[in-house]
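See the structures that follow.
Shared between the two complexes below is chain A, which pairs with chain B and chain C, respectively.
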Partner chain A sequence: MNRGRINWGKLAARLVIVGYLAFVVLPLIWLLLMSLKGPLDVMALPPKIIFKPTLENYRRLFLGTQRSQYEVARTDFPRALLNTVIVAGGATVLSLVTGVLAAYAFARFHFAGKESLAFTILSLRFAPALATLIPTYALYRRIGLYNTHIGLILISQVISMPLLIWVVRSYIESIPIECEQAALVDGYSWWGAFRIVVLPLASPGIAATSVLAFVFCWNNFIFGLFLAARQTQTLVVATLAFISYEQVLWGQMAAASVMTVIPAMAFIFMVQRWLVRGLTFGAVKA
Partner chain B sequence: MLHTPLSDTGRPAPSFVLGGWGKLNSEGRRQMAEGKHGNGVRQSKQPRRRWVQRNLAYCLIAPAFLIPLALSLVGVLGNYYSLTDYDIRYGIRDYIGLANYVRAFTKDRMLWQTVWFIVRFTIIVLVAEISLGFTIALALSTVSQRLSRLARTAMMGPLCIAPVIAALMWKIAMGPVQGILNHVLVMVGLPAVNWLGDPRIAPYAVALIDVWIYTPFVVLVLNGGLQSLPRAPYEAAMLDGASAWFAFKKLTLPLLRPFLLIAVLFRACDSLNVFDIIYASTKGGPERVTTSLAGWASENAFRWYQLGYGAALVTILYIIVYAVSRRLLRLMTAGGLSE
Partner chain C sequence: MACIVLKDLWKKYGEVEAVKGINLEIEDGEFFSFLGPSGCGKTSTMRMIAGLEQITSGSIWFDGRLVNDVKPADRDVAMAFETYALYPPLTIRQNLAFPLQVRGLAQKTVDEKVKHIAEILRLTEVLDYLPHETSGGHQQRTSLGRCIIRTPNVYLFDEPLSHVDSEARREMRGEIKRLQKTFATTAIWVTHDQLEAIALADRIAVMDSGEFQQVGTAEEIYHHPRNIFVARFIGEPPFNILDCRVVQQDGDLMFRVEGCSYTIPVPQCLREAVADRIGELLQAGIRAMYITPTLTGQAGSHIQATVYVFEDLGERGVLTADLNGDLLRIVTTPDFPGHVGDPVWLTLETSRMQVFDPHTGMNLVQVNHGMGGD
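Let's turn to the complex of A and B:
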């Protein structure tokens, strides 16, 4: 009909999106390139688009810096990576094992105080992290959980538990209840119905939510900053430590950032379809 | 949701209350009551089993609740600490009542400054993120599927990067001399800006970092909302000859209201609590203009060892966030989004 005429609205929309994409993506590309540059190129202005890429920064990150023939400056990075895997993984598994059953109870049972209990859990998401962190610090110092993986895993429940319970609840609620009723009429107990009907149907959602919980714990900064010392330092804190008083190791810092981002990004891409519901705690069911 | 009536005691009335009982046909329900199948009632001869079954829901949430409950109790412990002179070096020496709060409200000039900062910061990022996010989400709904998918994939970047890392990245880019941002500005003939070093600009620079990190969240939420809009009202409006602007104002905005509120709720609470990105970018400077209340509390608690006073400051922050989120949640339920 109006072929030949330029659709200005569409064109404007396309321009807006392309402009916004540049704003979003360019810094990330810049960071990635920075991690591949040698010490001379890294801060050169104008930034070198064409340079000799090197993996030196990554090598130093994992193997340490060769100072002289026999002396190697140690690197904390591999340990921080391991710490973060343990803490984020442990926190996710703990929330998963306990949270899915709770989500099931919230979705399918009626009991006194249900909504207020659910909202108590949700309020952990919106409360300042310091509200739990400050007393936890005092407590951990006293009972010896300061600077331990267990301590970090337990406090990380603030992040992973509300997410898991609320999102999995919304997934279970979207499964038609008739399926379970059929199983119950067939003589299964609630556990049987849960196992053969609910779990298989909700498992994609549960998996996606666990991945999201893992990434949130992975990215968390404040707990690792105040509740861990060198032995249990997390990745994000370790990355920040590349800015020291004497010098800033730009290249290594960029490499550490990339190493921190890549697992999170890989995971998030896997669950892209379920992301919106996860991010909004089941409130938006797109 | 289905409803099973609660008994007078507030306990679930039937012994085995699955939400769906109400919908079971009467035959099934009779069988259930007679214990003809499953272990629903048959096993209830053993008293312990029966207790478990009656309180099944509580038993199921108990393990998951143990941890949040412990954390809530820890929060209460924090409230108690705020009434003491807890010092990391000496421990609790005295119960001092509301002295910490009195000190905060009367002597601590930084309290007002930090509250003013988080309020201003929240308003700036909310306005920027919601308007930008809304624009992008609307634009996404008009362009081709391919571009839309590409854009949504690219927006995963800021969403999954740790906020601290993102802030660090921007801090490097915003460097006054070596920063790439200033280089670009000078290249196009604009004066260089001392992004994070100038007290007049730093709050906006930090807000810009926040906008980069969190606008994709707003876009995804609103995009989800736009995709879930019903078709029929728009067709009716078109038949009636309504303009696009009219349809937007009278249909899209009210229908999107719950989604907008969700985005506002999440973003408002997170930016009132802001700590990470400020710690990584400015550490509260220059001249303390970007110190947030959370940052000020952590500084008191951990750098100057005044844990009790830090706990009091966090309690004040908690009350602010609670009031805001309560208000937004009320708006949301009033708007008909009860889930």
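Let's turn to the complex of A and C:
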């Protein structure tokens, strides 16, 4: 017992960390457990920790669609998964292509209204999406973008584009312009210099920001709710369908939530090493 | 290999006039230097020649071909940057090979050239390292190597040795000069170090505030400075200047130093220039090596001053003498026995004197200074 004095400060710090982790992680664990419970276990009070797990919820999620006669949930989960991949993936790719080039323009060129424009783009992130949703909805219906993948990809640019432009801009600014000029003098065209010098050097920042942009688009709720219908529903919105008129299908909703969360989490775990480095690097050099 | 002509070249950054209408003709195969203090416009001029800066007005010609709107890649120039500008993700070998590969040379030729340049510049051991893994000296030599591995129209060196220690600097200077002569490629070297310019260049353009102060060989600039700026900028120790007036004394013209009664006979070569300036205030000057100091008064001595400080620099000594508050610098033997406060008599080699107008700063004797532009 007597192994030296107890370090109260450290102990307190550790307790705080454990408490916080519990706060964050326990709901996720509970969600996972809930998704593995049959309908009776899910509603049991007091909540059961020990139970017989079942994969029935997942089975119904993936195999039970509207086509089946007695499924109550009016949703097509596999389709929602596909839609989310298309929308989040497409939005990220579009933001990458246009955002990286825009970031280069902001970093290297001088033109009237540059900083105003940059700030305007950033301010897209400040405004709550709800504020502009009604006009957007009306516009979309008018021009036929309602309930289309393209429509969702375009509106998601509001989320992903400012992020990409701002972070990648500071990355490019930290690359000395002489390296590009050296490539120009050595015989490369502008595009060659961009490809050979700028892209490799900015790639950590670009990769990290793309991942973030992807995850934000994946998790987005508002746009999917208002601007999509059955055919283009995204995962987060599809999960809502489990709250039906008569009852809440807790088990399936939990399974749907788990399926929504897992890809994003897995993605971030895989690239988290780059993510921290990528984002702080850009900030420090800016 | 190209002859480069600049005609009425201007560069303005907004309101700031960095280069003010300069005219110059650089001959094919010449090693030319732009010399001047920071901010004088030499780097801007070089970057306009490279095509990295827009020309505000005027024109640049390579071998009679107007290149104002030609992209850098198509001008066939090679540049060594002050900050090296190496490609961080490429090894030293790849950095050196880069400019050759883009021009589609066969891999075997590229490898041979890289090997050759690496040997000359002593980079063979670090060829497979990344730039940030090597020392500053290696990076600087790689930057130079990347420039000289090609045989372009012109080499452009932008203060490439300014961050290098003096020993390496001396070595590299010699190597570069030898290489330039071997390949007979036109080269332009931008620097603020007058010793470097004098050592390397066939001709030098001394620049200040966006204008050429003088263009000529090292010998012309050193012995016939066009104005006070050039006189003071070139030469180590710096040029000595005294305020004085021309007076008639016993039928001879003499310089009388202001603030005291010392007189220096006007030499034959300056008689004509000062003949109509009798009584006016002028600035007369002489280089440090043309003054002889003695610790006892002698017949030919012109000025008596006081020893301010003496520095023994090994191969020579530099004596600073105080004349009524003005400091004169004199090159002496390293064993000069002067101590602070000792009186010292100075004899000037008057045929080496220069006289300047105090208002315009111009040398009263103008030798044909090739300012170019025809």
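In this text, the second predicted complex is superposed on the first by the 248 of 286 C-alpha atoms of A that agree within 3 Å, B and C clash if a C-alpha of one lies under 4 Å from a C-alpha of the other, contacts with A are read in each partner's own complex, and residues count from 1 in each chain.
Here is the rule we go by: a contact is a pair of C-beta atoms (placed from the backbone, for glycine too) under 8 Å apart; a residue touches a chain by one contact, two chains touch by 3 or more.
All figures in this text were calculated on a predicted structure; none of them were measured in a lab.
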Which partner does A:Leu154 contact after superposing on A: first (chain B), second (chain C), both, neither?
first
Does chain B (first) or chain C (second) touch A:Gln181, or do both, or does neither?
both
On the superposed three-chain arrangement, identify whether chain B or chain C touches more chain A residues.
B
Examine A:Thr136 and indicate which partner it touches, taking first as chain B and second as chain C; both and neither are also allowed.
first
Which of chain B and chain C A:Pro200 touches, first, second, both or neither
second
If I apply the document's touch criterion, which positions on chain A are contacted by chain B in one structure and by chain C in the other?
178, 181, 184-189, 192
Contact footprint of chain A on chain B as seen in their complex:
1-4, 6, 10-12, 16-20, 23-24, 28, 31-32, 37-40, 56-58, 60-61, 63-68, 70-72, 74-75, 77-78, 81, 86, 88, 132, 135-136, 138-140, 142-143, 147, 150-165, 168-170, 172-173, 178, 180, 183, 187, 212, 216-217, 220-221, 223-225, 227-228, 259, 262, 265-266, 269, 272-273, 275-276, 279-280, 294, 297-298, 301-302, 307, 310-311, 314-315, 317-318, 321-322, 325, 337, 339
Which bits of chain A are touching chain C when the two form their complex?
176, 178-179, 181-189, 192, 196-197, 200-201
Note which residues of chain C are touching chain A in the complex, please.
50-52, 71-73, 77-79, 81, 83-89, 98-99, 102-103, 146
Touching chain B in the complex: which residues of chain A?
9-10, 12-14, 16-17, 20-21, 23-25, 27-28, 30-31, 34, 43, 45-47, 94-95, 97-99, 101-114, 117, 120-121, 123-139, 141, 154-155, 157-158, 161-162, 165, 170, 173, 177-178, 180-181, 184-190, 192, 215, 218-222, 225-226, 236, 239-240, 243, 250, 253, 257, 260-261, 264-265, 267-269, 272, 275-276, 279-280, 282-286
